[in-house]
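Shared chain: chain A. Partners: chain B in the first complex, chain C in the second.
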Partner chain A sequence: MPFDQKRINGPESSLLYTQFIDNDNKFQGKNLYSKGKRVDGRERQEHRKHAFLLNTISKAKGSCYIENGNTKIICAVFELREIPRISKYSEKGQIYCDFKYAAFSRRMRKSNDENEEKLMSTNIRTALESTVCLHEFPNYQIDLYVMVLEDDGAVLATAINGSGLAFIDASIQCYGIITSTSASIINGEIFIDPTSEEERLKNDTNKSKSANLTLSSISSMDQIPQVFFHGLADLSLIKSAKEKILDTNKTHVLYFKKLLSNKIANVRA
Partner chain B sequence: MAYNPLSEAEKTFILHGVQDDFRNDGRSRRDYRPMEFETNVITSASGSTRFCLANSDIIVGIKPEIDVPLSNRPNEGKIDFFVDCSANALLDFEGRGGEELALEISNCLRLAYSAAESFDLKALCILPKHQCWKLFVDILILQCSGNLYDAISFAVKCALFNTRIPRVSSALLDGGNVDLTLSDDPLDCDRLNVESAPLLVTTCRIGDQCVVDPSTEEEICSTGSIVIGVSQDKVTLLKTISGSFHPETLENSIDLAVNTALKINTKLLSALKEEEKKIGPSIRHHKSSFLM
Partner chain C sequence: MTSNIKINLLIDKPKYTADLGDNNYRVFTPGESITEQKDFMRGHGTYVENGEIKSSVVGVVKKINKLISVIPMKSKYTGEIGDVVVGRVTEIQKKRWKIDTNSRLDSVLLISSINLPGGELRRRNAEDEQSMRKLLQEEDLLSAEVQNVFVDGSLSLHTRSLKYGKLSQGILVSVSPSLIKRRKTHFHNLPCGVSIIIGNNGYVWVSPTVNVELEGQGGFTQNLEAVSKTDREMIVRIKNCILALSSCYVMIYDTSIMLAYEESLKYEPKDLLNQDIMYEVGFNAKQRLLMVNQ
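Take a look at the complex of A and B:
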């Protein structure tokens, strides 16, 4: 189980060399936010530049390639098929989500952490189950494949954004445009759209009470289909992080709508 | 979870009951069903408990093993959760049916226990960089009557309280090899600090209101459910299980869950301490049989 039997694995006891280097002090402690700006020059509430491209995979019914800073994710939605292996008729359709990290995407070469991938799959599926009109295709299943090409933080949020857009590209009826943002709570302050170093801060320095919150919302209907938080934080901080994320999501919807309508205009022309 | 056919009338009845703050069994929206637990039920495990939440029946066994700590966390031990949904619990769990749910529950536990402040892994270290304890927490679901996440997290907390880790009296590093000497006395053990071990609380949205501890029927009627992990007064996990929430409802659910968890935490810890005082660390001798 710990090793992927289908791949040739490197030696069992190989280690990442970076843990033998003295951690440069960029992310340890004060330099992160003392001057009001983060290491990459952003404000605390500032989101990274992001872009997406639809219909990148010609064979898929709908697809989206989304970039969020350095995080690159590709999502593809395939044709409907009957739900395999069920005995009774299901009145609602189902979504099957398969989430994978490319072996080169993270700091450590694929550590075969199936648990992590399954967790992400369930989160994405939960988010989309409330977005997509499942009653439109009873007894059918839509396959969604998400592949992370590079992980530089906010992977879940970017993946949900990309998946929502892929469904729209596939012309599958949805209740609204789902947008998602991640926030890190480090030492009592909220940082929107953390990079992977900012996210990792919580793992290495246990003293800082940092945590990570990803929240998706369908702003047009004022619904939150998915929330995922882990770490340790005060309730009040989580609430204010939630408010900030909801505002960020709202602004993103306008941006997505604009680009989607451009795409439709181009298709028509 | 289970295929429990409910008619529309029954669903409406449950919905109205929740609105009036008077559920099917007479509980308010904030009440839990009666719970019972017994620790030290499995002799071969270092810590064990049998936990019953209404009709849900969970057995947790904890075994410590000696392991090498992770290279990037040399001072910490490890904890590993494994959930086994027995087919006895629900017909859906037959064969590999329960695997997905089991994986979700174990993931939730793993995330809730990952924060250093909720569970101190440094206490499981024997010799930094060389040896540490790895706790295998094995959870068996014998019977399920809704609200598995909560029942399992309470059971795990009880089992961790009950766990006795053999005391290492000396650890020598002899040219790369570690020589451990464990104390001979089986009662000479270390205990774990579970004051801040997280509790998972599931809140369901039924109609416009949020309820804690949904029964199986209520789970079927719910339009959204979220698991909230609470450690002392801090939140350690938030995860939507299904459905969607309005932002205000979400806030109310989290508030409700945190308040409920705090109360349960105090009650649970006092009950655990009382049980230990009354019965002591001895092995249980059941008059009739184990489960009866």
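Take a look at the complex of A and C:
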């Protein structure tokens, strides 16, 4: 019986209801995707509604609360401090990222949560190391804490967006605004910004898990600072997914820019 | 005892929109190109790429002759020589105190930069080092002036005047350093019976006006007499006015504080903590300031 150490499991003879859920690509009897739209009414390429709030944590140097559909993530950046346990002088600064899932963020607490958190931290750090002007604070380290309050898909992409905005809110020098989007490749079709149900789908033909691609881009440069790919997919599909993601990132950059400058323009009047 | 709790939904949160200013500053975001590099030098908040100067923070461009820099909204206090600051003692080290002044690094107050009580002029000896704690302890507040700026950006303070020294009774208000206007004097006695010390570092000290200048007040004796209720109400009112001004991003100096005070008279001091009322007081003060300045 699936036994979760960190949850209350009920009497010994009880069974988890999830054992009885039909694991085929159906949710509440509906097909999770069909020739038409997705379950939540979106088109294949449509991104969910998202919003962000800056300076939500007053004690942090910079912070951002970001929502993407039901995915809710909070990121906070703290004051610079000297890199601990280092003997040589380091010419570039460092970023320390601590990524955590809240205990209530997902339906089932996975057994490899810790490894997954470490993997996410590394990804976010890689993405931000290319965005932040590290040469501006040699021998210093910036702490970034990311906490996922609710996981409904596209967590890595939303976390990278939030972290980039938290750095901008902290007035730390950056080369540009980093935006990130996630895509799922299921049965030869590309779904932009998947929900957690869509991320868990399996391919119809060989019942292998679908592929998931997360890509970030920096506004001012033609560079891709971070890629995360998981699963099996055709190379041509991956290429076209990449193009679609880069386009989505470009539109998001315009939206972020407008919001950031409006916020400051209101303040400076 | 009943307390007043006001709960707002996020969608109903009072929004502050400054529709007064006609000068719309052009705000740059990281990665946006400001100009070509040809004749300009780049300052803080910028970087050079492909021969163009681009912004690296979100802020407003400041052009001084040939120097282009971008000033971000949130910045720590960077001191200049001659600034008046209000600070809090964090540490006592050998022959100096470490003071928190809302800057990146703690400021330093050397034992040779203070006035000894009684106004003596002599070399500091070992006994003085041992009795540092009698003068200034951890968590004490003081006002001082910036004497020197070190290479790493930390400040060296001094209290070599009778007007500087340990602060005794009052309220410390913390605002953003970018809202403090540089003036000739930072010590004001407001007509309502309140004295304020506006530190350039964003810390403002509000205290009751002391009528008689005590003798031998070398700055380290504290006046701990009881403060009357009327005085205390006045102090709290001024403090809430300063917070209202800061929430509406109005520059803080004696004129703006007095205008905000006049605008706030129709409310109780505790009502001034209400978000809507704060915005109203700040907005009205701003309007009157514009009229005064025209």
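By definition in this document, the second predicted complex is superposed on the first by the 230 of 269 C-alpha atoms of A that agree within 3 Å, B and C clash if a C-alpha of one lies under 4 Å from a C-alpha of the other, contacts with A are read in each partner's own complex, and residues count from 1 in each chain.
By our rule, contacts are C-beta pairs under 8 Å (C-beta built on N, C-alpha and C of every residue); 3 or more make two chains touch, one makes a residue touch a chain.
These figures come from a predicted structure and were not determined experimentally.
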Do chain B and chain C fit side by side on chain A after the overlay, or clash?
fit
After lining up the shared chain so the two structures overlap, which partner does A:Lys257 touch, if you call chain B first and chain C second: first, second, both or neither?
second
After lining up the shared chain so the two structures overlap, which partner does A:Asp113 touch, if you call chain B first and chain C second: first, second, both or neither?
neither
With both complexes overlaid on chain A, does A:Cys133 touch chain B (first), chain C (second), both or neither?
second
Between chain B (first) and chain C (second), which, if any, makes contact with A:Gln226: first, second, both or neither?
first
Touching partner for A:Ile218 - first (chain B), second (chain C), both, neither
both
Figure out whether A:Gly62 sits in contact with chain B (first) or chain C (second), or with both, or with neither.
second
Name the contact category of A:Leu246: first (chain B only), second (chain C only), both, or neither.
first
Between chain B (first) and chain C (second), which, if any, makes contact with A:Glu82: first, second, both or neither?
neither
Comparing the two partners chain B and chain C, which touches a greater set of residues in chain A
B
Vertex chain A angle, Cα centres of chain C and chain B, expressed to the nearest 10 degrees
130
Quick one: classify A:Gln173 as touching chain B (first), chain C (second), both or neither.
second
Enter the shortest inter-chain Cα distance between chain B and chain C once the structures share a common frame, rounded to whole Å.
16
Shared contact residues on chain A, chain B side and chain C side combined as an intersection?
218
Can you list the residues on chain B that touch chain A in the complex?
3, 71-72, 103-104, 106-107, 110-112, 114-118, 224, 226, 231, 233-247, 250-251, 254-255, 258
Given the complex, residues on chain C that touch chain A span 16-21, 23-25, 27-33, 45, 47, 49, 54, 56-60, 72-75, 104, 249
In the complex with chain B, residue positions of chain A that touch it
15-16, 19, 88, 115, 118-119, 122-123, 126-127, 129-130, 204, 206, 209, 211, 213, 217-218, 222-235, 238-239, 242, 246
Using the touch definition up top, name the residues of chain A that touch chain C in the complex.
61-62, 80, 133, 168-177, 218-221, 256-257, 260-261, 264-269
